[in-house]
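Labels for the chains are A, B, C and D, by order of writing; each one numbers its residues from 1.
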Amino acid sequence: MTDYSSLLALVPLLPLFSALILLFSKLPKLWISIFAVGSVASVALISLFLNVIFWQQSDFVLTSSLGTWINLAQLNINFGLYLDPLSLVMITIVSGVGALIHLYSTGFMYQDSDFKRYFTYLNLFISAMLFLVLADNLLLLYLGWEGVGLCSYLLIGFWYQDRKNNLAANKAFLMTRIGDTAMAIGLFLLFTQLGTLDIQEIQIKAHAVWSLTNDNNNNTMASLCCLLLLGGAVGKSAQLPLQNWLPDAMAGPTPVSALIHAATMVTAGIYLIARNSQLFQLAPDVLYLVALIGTFTLLLGASAAMVQTDLKRILAYSTISQLGYMFLALGVGAGASAVFHLMTHAFFKALLFLAAGALIYSLHHEHNIFKMGGLLKKLPVVAVSFAIGCAALASLPFTAGFFSKELILAQVIASGHSGLWWAAILGAFFTAFYSARLFFVVFLGPTQLSPNAKPTKSMSLALVILSVLSLFGGIHPEGLKNLMPQLDTDGLSTLQHWLPILLPFIAISLAWWLFKTKRFGKPVPTFMQGVHQLVKSGWAFDHLYQTIFVSPFKYLCQVNKGDFIDLFYRLIEKTSGRLHMAFSQFQNGQLRRYNASLVIFCILAFAWFIRGELML
Amino acid sequence: MTLFILLLMPLLGGLLAWYSERFDAGLPKKIALLSLLLCWLPLIPLLSSMPFDASSLPRSQWLIDESYPWIPFFNINAHLALDGLSLLLILLTLLMGLVALSSAWHEITKRTGLFYLNLLWTLAGVLGVFLAIDLFLFFVFWEVMLVPMYFLISIWGYEQRHYAAVKFFIFTQAGGLLMLISLCALVGIHYQQTGILTFDYLILIQNPISGDLAFWVALGFTIAFLVKLPALPFHSWLADAHTQAPTAASIILAAVLLKTGGYGIIRFVLPLFPQASIQLAPFMMLLGVIGIIYGAMMAFVQTDLKRLVAYSSVSHMGFVLLGCFAFNIYALQGAVMQMLAHGISTSALFVLVGMIQHRYHTRDLNELGGLWLNLPKLSAFGLFFGIASLGMPGLGNFVAEFLILIGSFAQYPKLTILAASGLILAAVYSLLLIYKTFFGQTKRPHDSKIADTNTKEWCTLISMCFILIYLGLHPQPFFDLVPITLMKLSFIADDIGALL
Amino acid sequence: MIPISWVFLLSLSLFVIGLFGVLARRNLLFILISLELMLNAVVILFIAASRYHSASMANSDGQIMYLLILTLAASEIAVGLSLVVHMYRQHHHLDIDKLNKLRD
Amino acid sequence: MNVNYYPAFILMCGALMILIQLCFKRSHITSYLISGLSLFLALLTQFYLQNHADTSDVLFVLNAQTSFVSLLLLMVVGLIWAQLYHWLKTINEQKEEYYLLFLLTTIGGLIMVSSHHFASFFLGLELMSLSFIGLIAYCGPDQKAQEAGIKYLILSALASAFILMGAAILYLQFGSLSFSNLLPNTSSQILPPWAIITAIIFIFTGLFFKLSLVPCHLWVADLFEGAPLVTAAMLATLSKLAAFIILWRLVTLGHWQQYPLIIDILSMVAIASMFIGNFLGLLQKNLLRLMAYSSIAHFGYLLIVLLLINNNAIEFSSQSFNTQTLFFYLVAYLFTLVGVFSIFMQLPKIKTLDDLAGLFWHHPVIAITLMLLMLSLAGIPLTLGFMAKFYLIMAAVSQQLWLVLSALVLSSIIGLFYYLRVIMAMLKTPADELIFKDINSSGSSLSLNILILFLVIGFGVFPSSLSQFIQQISG
């Protein structure tokens, strides 16, 4: 079989080269879009080609190395790429959805003056994501990890004139940075314990070293490492403790939100846990924690999405809750279904974001859904794609979303966590409700704003392809099944089988009833006001972190602005000046005082002698 | 003789530059440039013969070793020697000399001859510090490099230049005097123990002294280097010196003078007092960590751009201190790498601050803002170097900080976790720097005559970007250069294991 | 035979009286006089000491020192008086407390 | 007549010649030449006597060390003499008498430096003090000089009285006036022990006054400011050198180091004068008062040499190394001081720091010389001052005198501040140009500056020849 490693090496490097070309060259807009979209599209073709080749074999591994990075005593790290079914799926998603979004944003960003800067950042992002996904050691993964964080910071703060965007970008970067630092500490611990950072070696060595040492294979060191890696994953995938940066990250252009905050970057956390699944097997309590975090986050996201008024924030909170589902799946040990849901989610969430983008593009930057209405006839393509997206999101039967979410719910039951199952069901109900609410409010009812600009051809093309994918994309990739653990889901009771299928219909009818009785836009009754506000602000995590971390830190720094150590040196300065004054007082020119000074010396010396005598 | 030529070149160049001011105002900077370029000549044969593959290490630690008798009575001789560590730092010095020269090209207009004299003499002093192997000669260069820097700050500085220059001089001088006493004590004890009166580092290193007096002597040396490194209790001179110094002087100060502290610890404190430095290690690492956090917190609230960058270098050098006293090969290589990477990224930031000050005549963050609109190229560089200083992987700072942290994690995990929080704080102030200067609304009407970067500035900055990226992606040749010096130190680590 | 310690105490007391005179008096002339007194006190001790030692060690350093001290005192007073005259001519008073133009 | 007396003898003939010349016809240039010739001759003979004079009689000890010190003394006086003519032209007084007193002071210094007997010491002391009074109160109408003269007269008389009283008591106790046999082991206990101690304290008071160490340091600033510039230079170098040599001889020959009390007094006085000297100079504006306070501090540093108990065990703290430290420090300090004073002589109108503003930009050579001299006083490397401080620290460290060393470090940091203030003043932008108008940068002053630079920087960078020479003479 011919060696495809050079082809694999091209995958992350192509977008990098095109980013550099764009950075240093002065090309017209047409050429910029050709380079940008071309490079990502070619990577997509390569990944499809690789998919076709490796379709039959279930466990294949393709590696290639781009050169050594650091090799000191034990720490020898090189730019190694590692392709196996998991990373094949990931690069297909990243490059596929990435290419579509690039195509879409050529139309969306056409009038923007910083066209070149936008596509440079976007290409840089894609190459960083590909490095992250293909890295064979944790340090290169960390490089991709931070690179992705950097590009998301740059893209969120793309329209830098507006103060709000910059603050959102800073917030996003810092929150993910906290997670990254936790992950870095995890890396240090892994290196000191196992002596290597190569991912495959870690899995093997972890099993060899830790599982033997103690009996109930709940080794503290293993769970500590997994906990730290989980910290990184939680930071990047906007899970419970570090999730309130994602809704603010909507300040960036919408294709950016589609690419980064729906399809690719936020899934990095899931990829990290999936990639180190053997390591996580050694720490069942951490796995349970992952499941718990997943459940709480999905409930938080879904409930918050129900009460939002801003179109993009609804989608942001829905992303958080869908990611919660993936974490839940990972937590109960159903890695394959998590990645499968990740794939389908990438398709329909990208579709929803792009459609929302088209909406905002045509309603001259209006975000509030209650100001839109009755756009079904005016923007048919957008409406249809939006409908398909909402259907997939609500996991109506035979959409891509349905297959992946049902699989997750089945796995949760099979793993015996019935409590978590009921929470997941409640989350599914909320999801179906808010997606229906979203669709009815935006597209049905009286038209308030009339769209002025039609989405361009490239935007509609991207929307159509994505709609097709989110309808028929629900094919479970073969290679994933045996790479990661899978639980057999046949022993389900009828209730557990049929409830998830019927649930979306109940939620949609409830939403239809509320829409018909015009209760959606109305202000909430007074006693519910507090709860409504609490849920709307994402369970007040922003306020919580502001009071616990940000303002004390700011106050502490402000208090110490004068650098109290410097005050210590200024004090020395003052005392020496005062001492100078004191001594020069003696110099008052009186001759009799000078004579006295001689006599004083005699007296003092004699007194010292007597003191010496008395002491003996 | 090559090392002495290397030292004499800037000295003579400086004198010539000062003398040539009589004939034409533009001449001094050309002569300064010429003499700096000539300094590279003695190194070229060395660099070309340097085997850059990791396999063949240079046979002995010292690449060039020259010694001439100086004061026979005390057995002091002018002993200069070059090994991997000092070669790296000398390359950094010469490079930063060129960068300082380029930034002072248009900025300094009055008394240029004297300016270039002082600039070149500071560089000569620093080259001397990196080359001197005789402890007395090292001390002489240590003090002598301060005098021209003092003049640089006090003549061409900004509003409070005299206060800042005197504070800088007295701080380092106090440390220097302490070092002089510990130097004499070291030689005295060595003489008592072995009967050889010598100031030569190579002989002193053979039988390091131990005992409680050795602890105090080691402390004397370390405090002198901590003052220069700006570790925490002695750091307050740095902010004033940087804010009041002209751009070229603060580049030399940031890039090179701070490194003499780190170099001193690695070269003198660790090998000469293994016992004492093991006892000192926990306190110094704690000091390093507090320095990281304190520096970052201070940088966060500064309104003056230069003070912000100055406090950020306090935080970065806290990492070097952490790395030096962690006693294993990763941390020490990381410390050396951090010195290089910090040298480049901070001086690049100072070049940018100089360019902003040259154009807008202000360093106050509240008045700056929205530079990206009018000066896209300059702001792009600012973004790059701001990101580099917060430790973005793929650039030099990350590799250094990662190695330091991974090295010190083996010794003191809890301390390293605290230091790792420094990474977050680094992101806090770097983003603040980028946001306050380059993004947001412009607070002043844009007048078209303020030009973006001219070609000279563009070349210096782009070359510094490439060096940082090269450091970040391919640091191996730098690791191969200094293995032997650091190998010795990490041997100490092995018997530390037995101790702790 | 007067024990030497008595002479020692006499000379010490004279010395202290002279010292007090120098410190207490404000007039330059009287300061010079008390200085004279102090030198004479020393002279007494020297002669007594040489007399005391001449019995055993036959050295007359003391008397030679007496001659030296005498000449010193004379020359000193001469210079002193010239300065007194000069001061009077300029300040018309001899109060040294008023001489404090040189001060920090 | 012992051949070693020739230098003093030549100077005496020079003085007599000037007296005779005064009777016939007053001419400034001839007295200048006579004094110059006699000084030069004395210097030559002293140089000739240097390597084979090792006799000593009752009054004088004339070994290699004292001849070196007198050589140093004569060189310092020669340097001051070089600018005397130009300086005297500016004052409207009779010029010739100044040379007369000048020579007499030098003779007094020579006598004092080589004496180890109270009589000769007293003779030299009085000769020097009285001629100093003449030198100080030389300019008639200048009230400040008058006041300084009177102060010096009364204070030096008082000090001599103290020294004499001490000497008398010691004579009574030990029966001999020569320094070497003041050993406390004589059988007869004539006087109670406290009397001996008071005697030593009295002698110390007198000497500490002459050296302006802390308790008795109040006079030196007024004298430097009030006295004419050349006399101040003489006071700073000549009288202090002679007084210190006497103190050193008393303490080492008399083995007074056994008394713990004396060691305590010396170290306390040393530390006090280091700190108070530097603190006094900290914010001082008047240049001459600044030099006075710096001389207090420097003699505080020099006092450390007396604390070095010389047990010959360690090579560093042997007797010869202590004397080397002493001589090296004296050479370094005196040459620097003479340099500073010759610079002040070239800048007649400049009295305070603010007058110095901008000197660097108008007279770079003078400014650079003063700058390097200040750095030498501060002890910055590559200057003679630093080498001296290095010797001192080496000696003190090998004797583990940690308290004094820490005082040395702290006070030299404080001292650094006001030396930097002087340099800083010169770098400031000049207020107005006219103050520098009348500075004559004539050939002679330029060559003198170069000579001083050569001495201070040349020996600072290559001290091996000087340290070799001193090592030989100190045995």
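The rule we apply is simple: a contact is a pair of C-beta atoms (placed from the backbone, for glycine too) under 8 Å apart; a residue touches a chain by one contact, two chains touch by 3 or more.
Because the structure is predicted, anything quoted here is derived from the model rather than measured.
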Chain whose averaged C-alpha position falls nearest the assembly-wide average: B
For chain A paired with chain D, centre-to-centre distance based on mean C-alpha positions, whole Å: 78
Chain centre separation (chain B, chain C; CA means) in Å: 66
Whole-Å separation of chain centres (CA-atom averages), chain B against chain D: 43
Computed distance of Cα centres, chain B from chain A, in Å: 37
Where chain A touches two or more other chains, by residue: 584, 587, 589, 591, 595
Sequence positions of chain C contacting 2 or more other chains: 19, 22, 96, 99-104
Set of chain D residues in contact with two or more other chains: 147, 150-151, 154, 158, 221-222, 280, 284, 417
Chains grouped in pairs wherever the two touch, ordered by label: A-B, A-C, A-D, B-D, C-D
Chain A partner contacts - residues on chain D that touch it in the complex: 147, 150-151, 154-155, 158-159, 162, 194, 197-198, 201-202, 204-205, 208-209, 215-219, 221-222, 260-261, 264-265, 268, 276, 279-280, 282-284, 414, 417
Residues on chain D engaged by chain B in the complex (per definition of touch): 314-316, 375, 380-382, 386, 390, 393-394, 397-398, 405, 409, 412-413, 416-417, 420-421, 424, 427, 462-464, 467-468, 471
Interface residues, chain D side, partner chain C - complex: 118-119, 122-123, 126, 130, 133-134, 137, 140, 143-144, 146-151, 153-154, 157-158, 160-161, 164-165, 167-169, 171-172, 175-177, 190-191, 195, 221-222, 225-226, 280, 284, 289
Touching residues (chain side chain B, partner chain D) in the complex: 69-74, 136, 139-140, 143-144, 147, 150-151, 154-155, 162, 165-166, 169-170, 173-174, 177-178, 180-181, 184-185, 187-188, 191-192, 197
Contact footprint of chain A on chain B as seen in their complex: 54, 167, 232-233, 235-236, 239, 297-298, 300-302, 329-330, 333, 370, 372-373, 387, 392-394, 398-399, 402-403, 405-406, 409-410, 413, 416-417, 420-421, 423-424, 427-428, 431-432, 435, 438-441, 473-476, 479
